[in-house]
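Structure incoming, see below.
Chain lettering (A, B, C and D) follows the sequence in which the chains are written, and residue indices restart at 1 in each chain.
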Amino acid sequence: MSAVLPYSIAAAALVALGLFGLVVQAAVLRKILAFNLLGGGVFLLFGVVARRGAGAGATADPVPQAIVITGLVVAFAATALAVVLALRMHQITGAATIAEAAEDGFPDK
Amino acid sequence: MGGLVDWLLAALVLGAAAWTLAAPTGFAAVVGFVGFGLLVTLAWVRLGAVDVALTEAAIGAGATGVILLMAVVRLRGGAEEVSAATPGRAVMVAAGLLAGGVGLALALAVLALPDPAPGLAAAAMARRGELGLGNPVAAVLMGYRGLDTLLESVVLVFAVLAVWSMAPDRRWGGIPGPRFPRQEAGPLALLARLLLPIGLVIGIHVAWVGAEAPGGKFQGGTILAAMWVLAWVAGLVQPPAIASQAVRLALVAGPLAFLLAGFAGMALGEGFLAWPPGLAKPMILLVEAAMTLSVAAALALLVAGPPERAA
Amino acid sequence: MSGTTPGGWLLVLALALPVGGMLLAFALGGRTAERIALGVLGLGTVLAGMIAAEVYAAGAPLAYRLGGWAPPLGLRLQADGLAAAMLLTAALVLLAVALFGRAAQATPPGVQEARAPFTFWTFLLALAASLAAAFLGGDLFNLFVALEMLTFAALSLACLDGRPSQFRSELRYLFFALIGSVLYLLGTALLYGAHGTLDIALLAERAGADLPTLLAAALMTAGLLAKMALFPLHLWLPPAHAGAPPAASALLSGLVVKAAFVLLLRLWIWVLPPVPAGAGAPLLAGLGAAAILVGSLIALRQERLKLLVAYSTVAQIGYLFLMLPLVLAGDPEAAARAWLGGILQAASHAFAKAAMFLSAGLVAGALGHDRVAELGGAGRAMPMAVIAFGLAGLSLMGIPPSGGFTAKWLLLTAALGTGQWWWAAVILGGGLLTGGYVYRVLAGSLTAPPAAAPRPEPPAQGPERVALALALVSVALGLVPLASFGLVQIGRPILGGAP
Amino acid sequence: MTGAQALLVAAIAAPVLLLAACLWDGARRRMPGLLWLAPLPGLAAALLAADTTPLVLDAARLRFTLALDAPSALLLGAAALLWSAAGAYASRYMGRGPGAERFALWWLITLSGSLGVFVAGDLASFYLAFAAVSLAAFGLIVQDGTPRARRAGEVTLLLAVMGEICLLLAFALLAEAVQGPSLAIADAVAALPGSPARGLAVGLLVAGFGLKAGLVPLHVWLPLAHPAAPMPASAVLSGAIVKAGIIGLLRFLPADGALSDWGGILAGIGLLTAFWGVGCGIVQANPKTVLAYSTVSQMGVTVAALGMGMAMAAPGTGMAVAFYATHHVLAKGALFLAVGLAAGSGGWRRWLVLLPALILALGFGGLPGTGGALAKAAVKPQLGEGLVGLLAGLSAAGSTLLMLHFMRRLIALEAGGTADRPARGLLLPWLGLAAAALLLPWALYGAAGLGDPWEALGKDPVAALWPVLLGAALAAGLARQDRWLGAVPEGDLLLLTGKARRLGAACGAVAVRAEALLRAWPIAGLALMALLLALFGVMLAAAA
């Protein structure tokens, strides 16, 4: 059981790092990376939970494992979408951040 | 000395994460992230979750790394804008304190989790036989929590259409992504030609063994998608036009098969998403095959992006 | 509780129908997508009505055990009064928006398939599927998947116009929604680690006021608040909702935020023990009060009609949170009132706000702009749309005999009954400010058009009728005798007890 | 359902059905000509259905109750009569066309509410009717579309909504005070004196209803709105609509002495209002504004009588106050119609307007023989004694002065040519209503249980006459003092709100800036994390 302690701390630290990065990093790409670090922390926490629940012949509780597999796919889809949005924004406006800008207006139709 | 290995690995994971945040260039950061993904894969192995480790390697590090690398090449410049939008020291300190507070609370909460841990390992192991599956994770994904898997495969379809819908109107129906010149020679072409058949075999194998051993449709599908991306980047294949009926069908085959199987369970078995006794294994394999196809198609098309050229 | 009840199969159909419809619409494409959407949403409304009737008749929630597996190992679908009421609301709004979209989102002639219409119709079905999953789900991780479905569907609908300036605001929306999702998922990890299940009914029995549970609740609540855009986490909502085409805005403002709210109620009323919930509720209601006041004040000062309506959503979301401290105050009579008031507010706001966005879209489309100061002549050119806006506004203000009035009356008396008069003051002050911004729009559109202005093109009658019908439903909710709303109380846990 | 109960339903249903009929183009086009019909079922209800058994629908939960007590019946009848006459007048006055059709729509909504407040028997339907009459009046006021009308409409609407808020809160407190789910007004009134929030509830009721009735300092909308509306709308605004406030006070405040403390306060406010209206009115140039201030003053007297009745627990106060208000409904409504006629007629026909107007006008001061004198006699038990009696007499003198000022301003309106004859469609409603204002009180005095009208007038002729003479003398003395005209703007105290408006604008600007800051990405992120930790901390502290 002691093996989960390092990963517990790593998971908590990853969540903190990811949140910090998402809030303070300006570039969209860095935000996407930070989001993935945050997600990695959450999944690792599930891993800790799964490991703690090992038993009955399973090296880790299969239910959290399945949840992580589902979650990883969803996170990938979200990342892909964010990347596409960032690329389109960059392509059209040349912008690399999502800071509030003056042109965030609502042009006449 | 398992403890030391685990501490070291955890430290490396955090180091890679810190590098990803602090790296001087976007490219370096993405490379750091791929490294992070591989280290986390190792962590999953250490945590006894080999299925997750495979998925993490295939999707978390692999596929995510590929789209981020492709993005970093196209997202150039903007350094001034970034530095202008970077918050001042006060916000930095506040964010650090608050994020640290959240991390601290989380660590305390994890330490306060009950011992022995409540969980469903025993139940999941005990009843997997009813599905004819040896791998308990597969039993969770296809059996106990089948609805999650069904909805998640639907999410992939959502995501593909969402990505497509970001295209300009006039490109609708066209071919996704940039065109890569055909590499007749060179390392990439060689790699593609060599790896492609091997990768295909491995991908299908991983998907196939998922019922008994670690593996499954997501991992297998990802490997298949990766092979296709390789061939695409090497200029050997072209993405299909998004208007193509075959592409659409490939994308929905998995979830649709799952849904139909669900109704079959309603007619023949205990209810929606129940696998009829006796038929469970063959039906699961059939649905998994369709799902592997759909997952591969979805992941590949997510990497390719919105349509950029006329068909 | 975990077994399948008679009529449980309705829940399967309510979820499978839009999922299957979405997959088929995506595969077959083009105009077929529109046809499938109209058919599926029509059927979905019938199904939602049947579910509500079944729950009401049985006086108990419907449940369906998926795959024959019992929780905690398996998943279940369940429809209590809350789910049935929200499902019916969603079905009606979706159907109305689909009818509205027949004109606005038609595939242009001569094209087999076009981006915006195809995306609209497919994601309309996707949204229906996501909402059904969010309302009917009985497992917290299953609900996470539903939330993610919702995020993708909502984001694509918000992007429908494909305007260059939109990508920035949609990215803000996506990032904030993703943070919300991840925080929610983090909470489920802790809950599973602490209690070995994510089934809501089982968690209600097992969860105590321990450290992991409380942190999980805080994480999940924060995540859901980010998705609901509760002040001060509303940064993404005004541009996203105002920048979308009217049909999409109607769905985003009317329905999408409500799904996260239902999850929040599941967490706070079912899972969390009453003592910590009672302590946290005033904090949320305080933010709700701030949302009402600040959102309304900002709406009052908007120069663009659609932004005004979007800020009105920021404000109206606040009302939903006022029910929490009232339901959790420990007075059963007041709790029942506040519960009904809150859900009625969610439903009547869904109808009213959808009507507002649709009619605002019609006005903007006909005038060629949506500047509040230059709406003159709109009342003459499209009286039905302006009347729809006005009726919806009356409901938001809480003028009788509207659904908004009944909702606010119930919250008001619950607030006074539990001695929390300050929420009453907020409810009333918010009504006054709401009146202010609704008046600005109505007064503007009822003045004569400027002499030089070109005569606005009157919109087609069909869409105008849809907007008016939605507004009328929002008003008519206030005419339904309160006794018939017993539906929403079905399956609500009485404080401290099991559901 | 008995026939009488059916009449109660019909009183509300008639305008609502006509309103619904407006969905059809043909009916809508004809509607301006049909307005006079809409209040007739209400009139019939007043005559035949007074004190009938209340009609209760859906007794289970949300009770929908219709009831008509005697004071309400009196006011309902008068209001219905005025609405009918003004409706007939409006048919000619507004002409035809989209403008008149729109006017008819607002008219019908307002009418349904105006009659509804007299017959609604439960809190919910009363509130609904009150909201209809308060808010829909906006449409009548802004009919002309001039900036002045718009401003008047906006002030009215703002104050009306604030009044609604006061009432909503008060009703919520009343509903809380009632044991059980009943929403009947009778139960609420019975529970009010024992309610823990008695003071707050009564204060809110007085504010909400007083606003409608024009009590100082909440009267500011009235002198703006009444003159701005078209003539027939002014007539119903001043005659019938303000009575929604009076009937509210009458029906919700128990007159049996349970609230004697509040009676004194009401009497004080009422008397202040009575003199305030006179003071502001005599410096107005526009005859309609003078009439509006006279309404303020008269409502002050009405409320003073009610307050004294509550303080003294005088039996019959409800009837007496209703009688006083009934006279005002008819007479004030008639006078507004007269203003519209005076300008359009010349020669001898002008006297068809001016002479009855003079009699009605002096009636407000209590000129013996008029309906006004009977009205004064009716509230004598409440306002006849001691200091209050003296003040009431002085206010009657003020009324005489004010009404003579009104007559002077009316005559000053440009007369038409000698050949100009007033349209029959305008003249007949006016003459009918004027006759009703003069004669009906004689018939109703006995019917209302107040005694023999002849006896009442003969009792103390000196006390009845001195205010008239004093007022006339003052009027003669001030006859040429026109330099004060316009010294007080319409809506007097409204001047003081400029600072409040600027403060509100400043608050709005601050909110906009603060909100823009909160929308910055890093700040929102910080807020999210802070909220998370705060929530966790609060819950942890509570659990520990």
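Keep in mind that, in the parts below, contacts are C-beta pairs under 8 Å (C-beta built on N, C-alpha and C of every residue); 3 or more make two chains touch, one makes a residue touch a chain.
Just so it is clear, the structure is predicted and the values come from calculations on it, not from any experiment.
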Greatest number of touching C-beta pairs links chains A-B
With centres defined as CA means, the chain nearest the overall centre is C
Whole-Å distance, C-alpha centre of chain B to that of chain D, is 71
Cα centre of chain C to Cα centre of chain D, whole Å, reads 41
Chain B to chain C, mean C-alpha position gap in Å, rounds to 31
Separation of the C-alpha centres, chain A versus chain B, in whole Å, is 13
Two or more other chains are touched by the chain D residues 519-522, 525-526, 529, 532-533, 536
Flagged in chain C as touching 2+ other chains are 73, 141, 145, 148, 152, 155, 167, 172, 179, 186, 190, 192-193, 196, 211, 215
By the touch definition above, chain A meets two or more other chains at residues 15, 18-19, 22-24, 28, 45, 48-49, 52-53, 63-64, 67, 70, 74, 77-78, 81, 85-86, 88, 95, 98-99
Touching chain C in the complex, chain D uses residues 58, 60-62, 124, 127-128, 131, 135, 145, 150, 154, 157, 161-162, 164-165, 168-169, 172-173, 175-176, 197, 507-508, 511-512, 514-515, 518-521, 524-525, 527-529, 531-536, 538-543
In the complex, the residues of chain D that touch chain A are 516, 519-522, 525-526, 529
Chain B contacts chain D in the complex at 87, 91, 94-95, 98-99, 101-102, 105
Per the touch rule, the chain B residues reaching chain C in their complex are 105-106, 108-110, 112-114, 117-120, 123-124, 127, 143-148, 150-152, 154-155, 157-159, 161-162, 164-169, 172-173, 243, 245, 248-249, 251-252, 255-256, 259, 262-263, 265-266, 269-275
Touching chain C in the complex, chain A uses residues 15, 18-19, 22, 28, 31, 35, 38-39, 41-42, 45-46, 48-49, 52-53, 63-64, 67, 70-71, 74, 77-78, 81-82, 85-86, 88-89, 92-93, 95, 98, 101, 103-109
